[in-house]
Every structure is written in C-alpha cells, then in structure tokens.
Amino acid sequence: MKKSRKPWGGRFSAPTDRQVEEFTSSLPFDRRLYRHDIAGSIAHCRMLERIGVISREEADKIAAGLEGIRRDIEAGLLRFSPELEDIHMAVESALVERIGPAGGKLHSGRSRNDQVALDLRLYLREETARIISLLERLKDAFLDTARSEIDTILPGYTHLQKAQPVLLSHYLLAYWEMLDRDETRFRECLERINVLPLGAAALAGSSLPLDRKYVAQILEFPRISGNSMDAVSDRDFAAEFLFAASLCMMHMSRFCEDLIIWSSGEFSFIEISDAFTTGSSLMPQKKNPDVAELVRGKTGRVYGNLICLLTVLKGLPMSYNRDLQEDKEPVFDTVDTLAGCLGVIGSMLDGIKFDRERMLEEAARGFSTATEIADYLVMKGVPFRTAHGIVGGIVGECVRSGKTLADLRLEDWRRYHSSFGNDVFSRLDAKSSILSKTVEGGTGRKQVKKRIEALERLRSKRRKADR
Amino acid sequence: MKKSRKPWGGRFSAPTDRQVEEFTSSLPFDRRLYRHDIAGSIAHCRMLERIGVISREEADKIAAGLEGIRRDIEAGLLRFSPELEDIHMAVESALVERIGPAGGKLHSGRSRNDQVALDLRLYLREETARIISLLERLKDAFLDTARSEIDTILPGYTHLQKAQPVLLSHYLLAYWEMLDRDETRFRECLERINVLPLGAAALAGSSLPLDRKYVAQILEFPRISGNSMDAVSDRDFAAEFLFAASLCMMHMSRFCEDLIIWSSGEFSFIEISDAFTTGSSLMPQKKNPDVAELVRGKTGRVYGNLICLLTVLKGLPMSYNRDLQEDKEPVFDTVDTLAGCLGVIGSMLDGIKFDRERMLEEAARGFSTATEIADYLVMKGVPFRTAHGIVGGIVGECVRSGKTLADLRLEDWRRYHSSFGNDVFSRLDAKSSILSKTVEGGTGRKQVKKRIEALERLRSKRRKADR
Amino acid sequence: MKKSRKPWGGRFSAPTDRQVEEFTSSLPFDRRLYRHDIAGSIAHCRMLERIGVISREEADKIAAGLEGIRRDIEAGLLRFSPELEDIHMAVESALVERIGPAGGKLHSGRSRNDQVALDLRLYLREETARIISLLERLKDAFLDTARSEIDTILPGYTHLQKAQPVLLSHYLLAYWEMLDRDETRFRECLERINVLPLGAAALAGSSLPLDRKYVAQILEFPRISGNSMDAVSDRDFAAEFLFAASLCMMHMSRFCEDLIIWSSGEFSFIEISDAFTTGSSLMPQKKNPDVAELVRGKTGRVYGNLICLLTVLKGLPMSYNRDLQEDKEPVFDTVDTLAGCLGVIGSMLDGIKFDRERMLEEAARGFSTATEIADYLVMKGVPFRTAHGIVGGIVGECVRSGKTLADLRLEDWRRYHSSFGNDVFSRLDAKSSILSKTVEGGTGRKQVKKRIEALERLRSKRRKADR
Amino acid sequence: MKKSRKPWGGRFSAPTDRQVEEFTSSLPFDRRLYRHDIAGSIAHCRMLERIGVISREEADKIAAGLEGIRRDIEAGLLRFSPELEDIHMAVESALVERIGPAGGKLHSGRSRNDQVALDLRLYLREETARIISLLERLKDAFLDTARSEIDTILPGYTHLQKAQPVLLSHYLLAYWEMLDRDETRFRECLERINVLPLGAAALAGSSLPLDRKYVAQILEFPRISGNSMDAVSDRDFAAEFLFAASLCMMHMSRFCEDLIIWSSGEFSFIEISDAFTTGSSLMPQKKNPDVAELVRGKTGRVYGNLICLLTVLKGLPMSYNRDLQEDKEPVFDTVDTLAGCLGVIGSMLDGIKFDRERMLEEAARGFSTATEIADYLVMKGVPFRTAHGIVGGIVGECVRSGKTLADLRLEDWRRYHSSFGNDVFSRLDAKSSILSKTVEGGTGRKQVKKRIEALERLRSKRRKADR
C-alpha cells in the first residue's frame, strides 16, 4: 500500500492527489513569511528549552539550524519542493534534514494554526510600521508644498464647478488631514495586530507547560491573546488593515482625479514632470498622467482584496478552517500596492509644476466671489436668504449680458440694493476673498499659515520623540 | 418666463424638472435627521447672535420656531412637500413660514455642505453610542452564559472536524473577545465622528467672524475640524462605521453558523426556544432557526453598504460633490440592521438550551484526545514529530479495526512505543484533556474561570466609571 | 399554556417573541409583490380545481376573494398587521377571513419556498421588460442626438489628454454600443427569469398530482424548472439582474463623468439646462450638474446590492435557507435606482446644449493631429516607429518654442524629413483628420453616417417586429 | 540633456523615473499574453501587406521574426528587461533587434489601446472555451454519480433542518442545473468576447486603409467592433466573465458547504478519500476536508476580483485610461482559480464514499414525512390549513412524549382525525414518501430517472454535434 509521506500522514492510508497538493499548497505565496516563521520558531524553541521540553544543546542546534536556513533562503541557496504544503512545513523539513530528529521537537505544543497566526501578525506588524512611515513622509511632502505655495491662489470647486477661491496650500493641507486620519487608523490597527497568538496550539491551548509571556518578551509583543479559540480563528486585524488601506487608496484616488483633470489641456493647472508621465505608442504628442491613473485604478484592487477577505470570513464556523489560508494573498497584494502608491505619489508631487497664473486667471472667473457679496450684504443687515437672492439675480443678469461682476459700476450695484457702497469693489477679487476668510480652519492666508506652523511644530515634536 | 422658486434660484431662468426634483430629493430618507438638523441650527443661531450677526430677539424667535418645528414633526403635525429637496431646506422653509424673513438669517455663514456633515456626525455619534451599549449588553450575555456553563464540555472543531474537547464557556468567551474588539473599533471611530465641521461653509470657510468653538461647546464636540475643504468632503467616519459594523456582523454570522449547525438533528447540541424559531407553511414538523439564518444573511447587506460608500467616494474630485448624498441610506440601513441583530442575538442566546450530555457524548468521540497522547509522549522525551507519527498510526489502525482509544489495553499501547505506561489511561477522556490545558488563554477549567473573573471585574470597574 | 397562533404553529408550544416577529417579518418590503402573489395564487387555484383537489365552486370563490383583495390593496382599503410575517401569509389570512375555511385549501401542494420564488420571478420579468424598454428609449436618444450633431467636432481624449479629433456623433454612438450590450444582457437574463418554479413545494415536489404545465400556461412561462431542490434555492436570476444593472450603471457613470467635466468652466463644452441642474444654498452663482453626479454616485448602491446578494448566497447549504429572504430589498432598490437613472439621463441629454465652437477650438489644440502626420510619413514609406519619433521630436520642439504645427512652414517640415511635401498642410486641421479616418468603425464622417443609418434601419425593423 | 529612450519618447526631454518604470510596468503579468500578442501581430502584419503598407518580403520577415520570438519565449531563451513596459513593447523591441528597422513598420495603424484589447479578447476566448469544457466535464461527473446513486435516499434539508426525504440523485442533479446555467452564461459571454477591436487604433480609427475584415478572418472573429471609441474602452466582456465566474464559484461553495457538514462526525454521510483530505500538524487523528474548504474560501477572491474591476471602471471618462491596465490581474487570477476549482471538485466527487445506511437512518428521523400525512388528509378532502394544523399537533405531542410517527397505532391516528385509515401506515417511511412525489421536477424516483435519461440524451446529442 502506498502510504502518505506527509508529516501528518500517520492515520492516512493513501497519498495526497498531486492535483490536490498543488491546489492546496500555499508555499508559492507564503514563502514570503520565511523570516517571520523562523523568528517565531526560534522564540518558541528558546521557550521550550526554558520549560525543559528540550535541552540547551538541542535548542542551540535548532536555533543555529534555523538561522542557517534563513541565510540560505536569502542567498537563494534553498529551493523548496512544492509538496511541502507551506512555509512552516518547508522550514521544519529543511531543519530535520540538517540537524536530524531533534528538529522534530520544535513543533511541541504548537500547531500550524497558531503558528500561521503568529507569522501573519509579525509580518503585518513590520509592514504596518513601514506604511506608517511612508504616510509620514507623504504628509511631509504635502506640508512642505503647502508652505512653498502659500501665495498661490486656486479656484475652489464643488461639483467641479468653481465655488470660491482658495489657497493651493489650503487644498494641499486637506490631504494632510486625510493622510493623518489614515495614519491614526493604521496605528490603532497595529495595537490589535500586536498580540501574541502562539500557545493557542490547534484551538484549545496545550497541555505542555508553555510560557507564553516569555515568547511574547522575545518577540516584543506587549500582549498575549486571551482566548485560544479566538486566537486561531481571528483575522480581524488583517481585515482592518485592508480597510485602512482601502480608505487610504480612496484618498489618493481623489487626489489623482484632481491631478488628471488639472493636467488636461483645458485646465492646464499643472505640469507633471516627464519622469512621471508616459507617452503613446501611436500618438507622438501625448504625455499622459499614467501614474495618477494607475493609482486611481489600483484603488479597485484594494477594495477587491477587502471584499475577498470579508467574504472568506462570513459565516465560517468556529474555529480554524482552511478557508483562512485565503487571507494571505489579499494582504500581501495590498501591502505591495499601498506602499508602491504612497511612494510614487510623494515623488510625483515633488515634480509637479503648478501654473500659478493660470490658476489665478480661472480663480477670478465664474463669479466665484459672489458669496462674498452676499456676506457683504449680510454684514450690512440684509437677511442672508434675501442677500443670496439679490446676488443670484445679479449673476443671472451678468451671464445673460456677458458681463462679469468687475464690469458693474456703483450705480449698477445700487440698482440691485441700496446697501451697496464703494467698499463692494474691494470684495470682488480672489485675493481679497481669501483674505476675508478669517474663520478657523478656513482658507484665509493667516489661518492657513497658522495651521502650517502648527503642523510643523507637531512634526518636529514627533521626530524628537522618535529619536 | 417661468422662474425657479428654489431658495437658490436667483440665477436660474427655468424651473427644475419635476422628474429631477424627485430624483434628487433626499427628503424621503434624510428627514430622519430632523432632530440633529434642528439642534445644529439652534447652536448656529446662538453663535450668530453672539457675534452680532443677528439680534438677541431674532435668535430667540428662530430658536423657538425651530423647537416648535421639532415638536410638530414629532407629533406628526408637519408634512414636508417633496420639492423641498432635503431636510435642511424643509426645516428652513417651515421656519420662514412661521417667523417671517428673520428665518432667512439663519443660513448666514453656513452652507448645506457643512450643515449636512454636521447632521450626519450628530446622528452617528448618537447611534454609535447606542451600538456600543448594545455590544456591552451582548458581551454580558456571553459572559454570563460562560459562567453558568463552566462545567459543560463541548467538542472543539477545526475544519468542522472534531479536534479537541473544550469548555463551552471557553467557546462563548471567544465571542466575547470578538465583540470586545468590535466595541473598541466603534469607540475609536467615535473619536473621529466627534469633530465639528460647521464653519467650513461651502468649502472655504466664511468671511463672517464665526465663533466655531462656541458652537462646538454648545453641541459638545471636543474638537473642531482643521481644514474646511476636508470638512465638507470627508466621509471617512461613515465608511469606518460601516466597516466596524461589517466585522461585527461577520462575527455574529459565524456564531449563527454554529447555532444553525448545532440545531440540526444530526448535531442536536442545542434547542433554540420556540419564541426564536419559526415553522413551515407546508411541513408541519419544522422548527427553523430563522433568526440565526437572517442574521447570517444580513451580513451581506452590511457588506454591500460598505462597498456602496467606498465606491461612491472613489475618485471624487475635491471637495463636495452631490455623489455624497448617497452616503446616508447605507448608513441608516446599517444602523438599523446592526442594532436589530445585536438585540435579537442576545435575547436568543438567553433562550438556548444546551444539551450537555449530547455534547459530552460527541466530545468523547472521534479520537479527540489524540493530541494529549502525543503530548504525553513528548513529556516522556519522544520528539514531537515521532510522537505525532506514532499516535497517527494508532488512530489509523483503530479506524480500520473499528476501535476507539479507550479500547486499547496497556500491552496494545506498549506495542506502539515503550514509553507508554499506566498513566496513559488518565489522558484519554475529554474532561482530563481539558484539565490538562493549563496554558494561559487555553481551555483549562482553571484558566477559563480565571478569565471569567477577570472580565467580570473589568465589567464592574467600567460600570462604576460610567455612573 | 399560551400557544402559537401562527398558521404553522401546530407543533409549537410558545408564541413567537415580538422582537423576533418584527425582526423576521418581510411584509414591510415584500408587500410590493402583492399583485404577483395573487396572480400566482389564482393560477395555482385553477390548477387545483383542474386536478380535482378543490371544486369548481371553491375555486371560483377563492379566485373572486383574491381579486377582491387585490382591488382593496390598490384602493388602500386593506392594512396588513405586522405579525403576518410576509405577503403570502397576509394574503392567505385575508382570504380565509373573507371566504372561510375554503381559503385554507389554496396552499395545498405548495410551500412558501416555491411561492416566493414564483413571485420574485413574476416581478422581475415585468421589471426587466420595463428596463429593456427604457434602454431602447435611451439608445434612441443617443442615436437621435448623434444624427443631429453629425457635423460637430469634439476633441477625443485618452488619459483625459487630447488625443485625436472625433465627431461628437461618434462619441455618442459609443454609448449606444454600451447600452445595446446592456440590453442584450437583460434579454438573456430574462430567459433565465422566465422559468416556472411552482410545483417544487418545499424542496421535494409534491405528492399531489399537480399539473405544472397548466400553471405555466396560465402565467405564460415558456419553461418549467427541472429540479425542485434547485427551484427553491436558486437566486442566480436575481444576481444576474443585479450584475446587468451594475454594468449599465457603470456605463452611465462614465457618461456622467464626462458631462461633469465638460460642464466645468475650464472645459465649457456643454450647458445642461436649468431644469436639470440645481443651485447652492450659499453660493449664488452656482449651477451644479447634480443629476449627473447623483447617477455617478448611485453606481455605488447598485454595486453594493450586487455584493449583498453574492455574499448572502456564498456557502449556503442546500436548499432553501431563510438567508434568502435578504434577496428582495437589493433587487427592489436596484430596479428603482436603475429605472430612475435611465429615465433622467435620457431627458437630461435632450436638454444639453453643445458649444460647437468651443469644442472645435479645443479640438484644434494640443497637437491632436500629430498622429496624422506620422501616418502621412508611413504612407510615404517611412517605417512607423521612425515616423513616430520624427513627429514626437517636432512636437517637443514646438512645445519648447511655443509654436503649433500650423506655425511650421514647408522648410521647417523638410528640416525634419525630406518626405514632407506641400500636401502635409492639408493634414493639420481637425476636420481633415476626421475625414481621413476611413476605417470601418472609425470616426470618419462617412463611416459614422453609415453607422447611424444602419442603426436607424435596425430600429425601424425592430419596431415593426414589435407591432 | 538625458533624453527618454522610450519608443514614444520623441517629445520627452527627461527619462522616466526608475520607480515609475517599475510602478507602471505590466510586463510581470501581461507576459502571459505573449502568444496572443504575437498571433495578433502576425495577422496585422499580413493585413498591412495586403493593403500595401509593407511589402511581401517585409511581411515574411516580420512574421518569421515573431514566430521566432514565440518559440524562444516558450523555450525560456528570451528574458525581457523590465523597462520595456509591457508585452507589446517587449515583443516589438525584440523584433526590431532581430530584423532591424522593418520591425518598426509593424505598429502602423495600430495603437497599444486596440492591441491590448485584442490580446485580452484572444486570451479570454481561449480560456472561456476551456472553462466551458471543464463545466461540461463536471456536469458529467454529477450526472454519472446521479445515475449510480439512483437508489440512495438522503434527508432533504431546508434551514439545515430535516424537511423531506429526497433521492441523492435528485440532490446531485440540482447542481447539474446550476452548472448548466453557468455554462450558458459563459457561452453568452463568449459571444461578446468574440469581437475584433483591432483597427480602432488609439480611439478614432486610422487614416491608413486598414482591412479589418481580413484581420477578423485570420483570427477567426465572427464580428468586428462597431465603434472605435467603445472598442478601446470597453471591458464589459471581462467584467461579465468575472461575474459568471463568481456565480459558478458560489455554486461550488454551496456544494462544498454541504460536503464539509456531511463530513463531520455528527453527520457522517460521506467519506472523502484520503487523496483529497489533509491532516493536522498537531492532531494525529485529523482528516480535514481542506479541498472543499479552500474552494469555499476561494469564492471570496473571485468576488473580490469582480469588485476590483467594477471599481476600476466606475466613473472613468471616455475613452482609454491607464486605469484599464488593472483589468488583467483579476482576470488571470480568476481564470486560474476557477479552472483549478472546477478540476479539483470533479475529481473529489469521484472519490466520495456515500454512507447509504447512515443517510437512510437520518432520512427516517425527524418527522420528515409529516408533509405526506398532511397531503394524505388533503386527498381525503380536509382543507390544507386544517390538515397542516392537525399534523403539526401530532408532531408536537410526539416530541413531548418522545414518540415517532411510526409508534402511533390506528386508534391514535383516528383520535386526531376520523379520516385516517389503515393506508396511513404506507405513507410513513422515507421510501414511499419519495415514491409519492410524482410531480415533474420533483424527487420521485420515476421523475429523477426520466430526468437523468433526458440529460444523458442531451449529452450524447451535444457530443455528436461537437464531433
């Protein structure tokens, strides 16, 4: 009888089907976790030594063997055979090959269920920290550009219709706010990632006297999981990471949408540097904002990854089920996508040339200071709704007669309402409109400057704290 | 010429198409926000009084008018006409009707863009607090049942295959952990909801000297938004709420899946009370776990709501766009769904009768203590892999010969490995398997009891703090 | 002992919890199906008469009773109490109240499982036909506008960068193609909707000698379902409807995105009529393309509805499960949303004023005929890649020196390549660029005209067939 | 000045950023399209020859060059450098390297926009055909098993509660129905895939006299696209493929859910062969239905892929945008996943051992013939609702007194209703319940047999047609 040769094959009388082996193997993608798997195994091994399940000598041999395997993987010297199922079995089998039966002691008191939960948490802890630092860099890029463009006036839009002039800095700082919320979400997610699941074993805990706190200490986990059944079946932290990434991609997709629109010939507000655009294989004149388009498009894949994991988890019975193997690829793909986008957006931002005159020209158009005139009337005691109606009527007439507000003379204004005086003329241009916005959080130059300085102070404080 | 009669119709020369009126109106659903809209307007009005834009007398009239409108809505005395577009216009128009032109002053320095952001935040602040207290109640229900079932043994499953015996309490506490993470996520989300957007006006802030901190104080917002463009276009907090709800629904769907399986005749682990099951219109014998099935099914609608809002937000140009009107229905539907499910699950749990003998009977089956035997060998110095192989082989032979582990005599055991001694027999039953799990977070009775007590202490501490 | 008073309550000893009654009731939304439910019941009743399970007299009484209930619902005279669970029970209970115990015979050989499947299919058959006719009307609107704008030149974009001039008609016909595919998908979906499930009973079929073909004949179903277990658990047709709707919404979202961009002051390609735009509560000058934005936004809710149903269905065990009750709301909401959008887009299109000069002006800009020049060189024997490089270089120099292609004289051209002759000048303007596109399916005026005529012929043929 | 060295770099003055090159390159995944790209290019080249843009000699050289490249890729002899952007540029650049400037003529009248649309259609045409044939094989597996299990009785479930006995064959044929609808959807999708886009060039068509019908003939496309702008921006066919795959995965996830439940020790209805299960690294006794779990889990990734593409497409302006590059990976991943699952499910089905006695034992339990008794009373003239109530009462009393229906004597029956006679006893067992289901599409043995034979005839007819 041909028997199973798997490490778990004791009770099996037939070998695994080859097609099944390929279908179920996670090695092609989870080999990315080799470093985390080995670090977790070394910590587990040292703990087993401490509680006396293995000797000091065995522990040293195992740890050295694992380090050697890590080095060989990194040097490209170790090839894993596909029938090894997953990175855990692959590493263990290499270990046994190198150090003999002592390697078989490593898995005492451990199951792949808690082991893979540990590996994924170690991986995501590292990657979340990297994402956070990329977010900080990108926030800096927005903040720095906000400082240097403090005098640039931009038409502000709602409904993609000119609404009111704003400072370009103010616009850029809106993204700072979004990215800052993203960062907070990732930091909070990190708290929930940073919990040690090892010791849960298959689902019930172990009858070996495992010292989980010692493992936590070695691997620098501030907390250990409180329930072993939850520990092996929980993927909340991964779903949460995917959601935080989805919102972050969404923010970038909105910025990219603006960049793409602003790059159009009709807007011509910006020029993205040659290094961040590409051409057409057919049309010699084209210079396309491909990077911005790709970031916008990649939002879809991160949303898709989120839905993938949510679907996998829905309605799963307690506790570990093999469906959970499908958690890794969406996470890996999201890490790569998000890190790539955060990096490339920051560099692209540095290379954008804002056409200040063009922006100002458009900011002055389209009656974008009409609200100022309504506010002007309000300050003269006219009820807002009446003021809004009057100014709406003025704009309507101007549109029909092809005039702008600047074309109106004092007598024209007074024809609409007797409260208009000579001071109305100082409310008509974009610059004074912006100057007038003194409300906190608004686009007034003074307010924006104050905000930039506050954020810069925040930044240096954080940096000091990090040192 | 037939002119627009809208409050914003000054510049329009043709009235809105009726089909368009219906298509764009949000009144059928956003009227749910009337209380929050009115509370926000009163706060805004008091602030306008404070900064001198309206007089004390006008402010009193406006506030009294708004209170009257609220009362009339609650008494069912106020019907809104559909051409009023949204709850903001509906309330303002009722106000002007009641108190005359002074009502037209209320909208000074405000836009519907910041007003609707305020309303949604006030609404979600209230509802999130309600969800949190429902979560606390449900956690209590799990904790209390865990205490009363502390001696009930359940077969623990992985892959829906019997794995190892666990305490039913331990199983129930796994859900406590999930719900606790849910609660934390909602609390963190609440932090981001609880920010005052009013004062952002359309997108740029206002040229009126608005006192945002005063408004924040009246409405009890700890923070005000830092950037007006972000303030009117940010819906992160709503998406985050939908995501926290999605994970929470997912957790309940997993519990429901177990209840449904356990209710099957084949498992017969539980009986759900008649009050929480329904019958068949055709088959007289049926008693169906409909409530559990509906909760599991409703997970789909909350996932759908999340995808809805994420799709709406993707690639939107800065700042407010009408697409954002589509934020409310998924949020309302999710609030109703989640609150309904949390309530019903808790009540159902109370009425479940666990069949302790049946569970124990199954816990003893299926070689579910095989891991104990492997651990037993490990403690006798056998390398784990070898031990696993030996026990796997024993199980395989038993399966083929129709025996259980309890059928083996000492000489049978020793045939497999010389380390087996008389003490092996004390490792074979479910109860001792559970007793042996001394590791922290595991299913050992002592550990579980300790955990229950810790969570109970935590609960009383929180309750004291809340008083 | 308080007993259940439900029609299925025979084996129950406790009444349903009130919270559960509310939680599980589908009456608030499935009452929309009353017409279909009654039509199905009448057909079932006539069939029961035919096979002798009920008498002619009873059948007449039942049918008349059901007709009366329908009329009363339509006249607003019938209010359903919420504890009636669903529309099926509500109608049956009203029937028994009206005609006595004979009403209790109607449910012979039927279960709510096959009854609700029937109702939903009858409903979707009707609504899909309506959607198809709305699609035909919208296709007509695009076709008619294409005919009337046959001489309007539009800059064609890729990456939102000017690419090559195209006819506005050609652009509009691209949407005709998309909507035509949508229509085909809905027609194919209709085939799968149009299958009679009644007779499947709960899941196994019936032991009464039901005549399914007779029911199919009365209700005009061309086919009856082939497997009763599939018949009660199949919701493919609903998911398919939601997917066809998703693609259709996606197409409209793309058109709306263009309309929004074209409405911006910077593009100014179109003016949407006042009747299809709305204003701002704060900014008197605003005229916003709200309808287009809402359609774009509503894409999210239809995607969400699709994900909702797919999630509900995933991993459900055979056969009917109560989760399936969650199928109706996403379907109803999608029907309303899609029909609303199709209607409003068509009307809006009629009211759009295209600014032909402005479009032409932009079509001439941005080197959008550069590809013509490359093709010109190709026709003179220059390899395409070389030609592309040459023209790319010319464009680059023009950009740097602030020139357009029209500024170049023959000697300038010949400096770049000796093949340039006087005939190059006739390739530089948008109109001749369009004229040159003689390839089938391309934007050449002759080709587009041919296509319009072909589609018009197709339309009249179809209309004749429909008469 | 460092210039761009890209084939489109004519107008660029700075080279592409390396990070950007990596970020935008699609070569790592679209190299999968090499065969289709080369086939398309050869057809295009032969057409260019036919219309005289290139000579016979050049065409031969190009075609031979392309064939050589294909062979070298397949032999692993050709490595593409990452800065080549995509498979189109990679192949063209290899061609120019091999045959010199003549290679540069190949791209005449073509853009990557129509080229990639062609490649994806050629790829999906091939893969959809493969999926269809896998579906046919899987349908056969269900049909063949249905034939061989024609006498096996299974408890039929609704709400996972025993409802009525059914034939296992009937259950299996329900999946045949689902897979058959899947096949139809893929076939319809194939119609829309099978349209030639080449000739659309960038978006406008070409000014070269391209002969699209000749290309269509070479590549065996029955239709050519009708509108060039639509042709380059349409991805409906890909989304449709992903949706058809989603429904198909959903069907398999439902089957797998049943297999997993049936594999549990409590059900013990089936045993999946060792070759299709795997063990535990910790628990020696485990034999897990991993394959079924993985198929169920992989449903999530296909749903995610669908949402990915739908999100990418939403709100894209006309016509080609770089976002569309994100279409390929979800399609490739779905093809691999779906084909893998279809294959593995079929093989697993073959290896399943159904435990007929165990199924029959459970089919007899749980009052699953109660509906028969109600129908029995109906046939004796009792109104259905009354009959249902009577039988419900009987069941209720039996449950409370621990009896089954078989325990009742005639006098017991008659105590409930006088219509009961001795013939009631023949309605109590599962087998006669099944025999009684004579309705078409129901589970009656005769009906199921008829259906099997009809489907077998259909199959042989189709096979003959395929020959």
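For reference, chains read A, B, C and D in written order, and residue numbers begin at 1 within each chain.
By definition in this document, contacts are C-beta pairs under 8 Å (C-beta built on N, C-alpha and C of every residue); 3 or more make two chains touch, one makes a residue touch a chain.
Here the structure is a predicted model, which means the values were calculated and not measured.
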item	value
Between the pairs A-C and C-D, the one where more C-beta pairs touch	C-D
Between subunit A and subunit C, centroid-to-centroid distance (C-alpha), Å	33
CA centroid of subunit C to CA centroid of subunit D, Å	23
For subunit D, residues that touch 2 or more chains besides their own	7-13, 107, 113, 157-160, 163-164, 201-202, 261, 279-288, 290, 293, 296, 299-300, 303, 307, 310-311, 314-315, 321-322, 371, 388-389, 391-392, 394-395
Chain contact graph, described as a line, ring, star, complete graph or other shape	complete
Touch list for subunit A against partner subunit B, complex	7-13, 53, 96, 101-109, 113, 156-160, 163-166, 170-171, 173-174, 176-178, 181, 184-185, 188, 192, 199-210, 212-213, 224-234, 236, 239-240, 243, 246-247, 250, 253-254, 256-258, 261, 296, 299-300, 303, 306-307, 310-311, 313-322, 371-372, 375, 378-379, 383-386, 388-393, 395-396, 399-400, 433-434, 436-444, 447, 451
Complex interface listing, subunit C residues touching subunit A	155, 157-164, 260-261, 263-267, 279-290, 293, 307, 310-311, 314-315, 362, 365-368, 370-371, 373-374, 388-389, 391-392, 394-395
Partner subunit B, residues of subunit C touching it in the complex	4, 6-17, 19-20, 23-24, 85, 88-89, 107, 110-113, 201-202, 273-288, 290-291, 293-294, 296-301, 303-312, 321-326, 329-330, 340, 343-344, 347-348
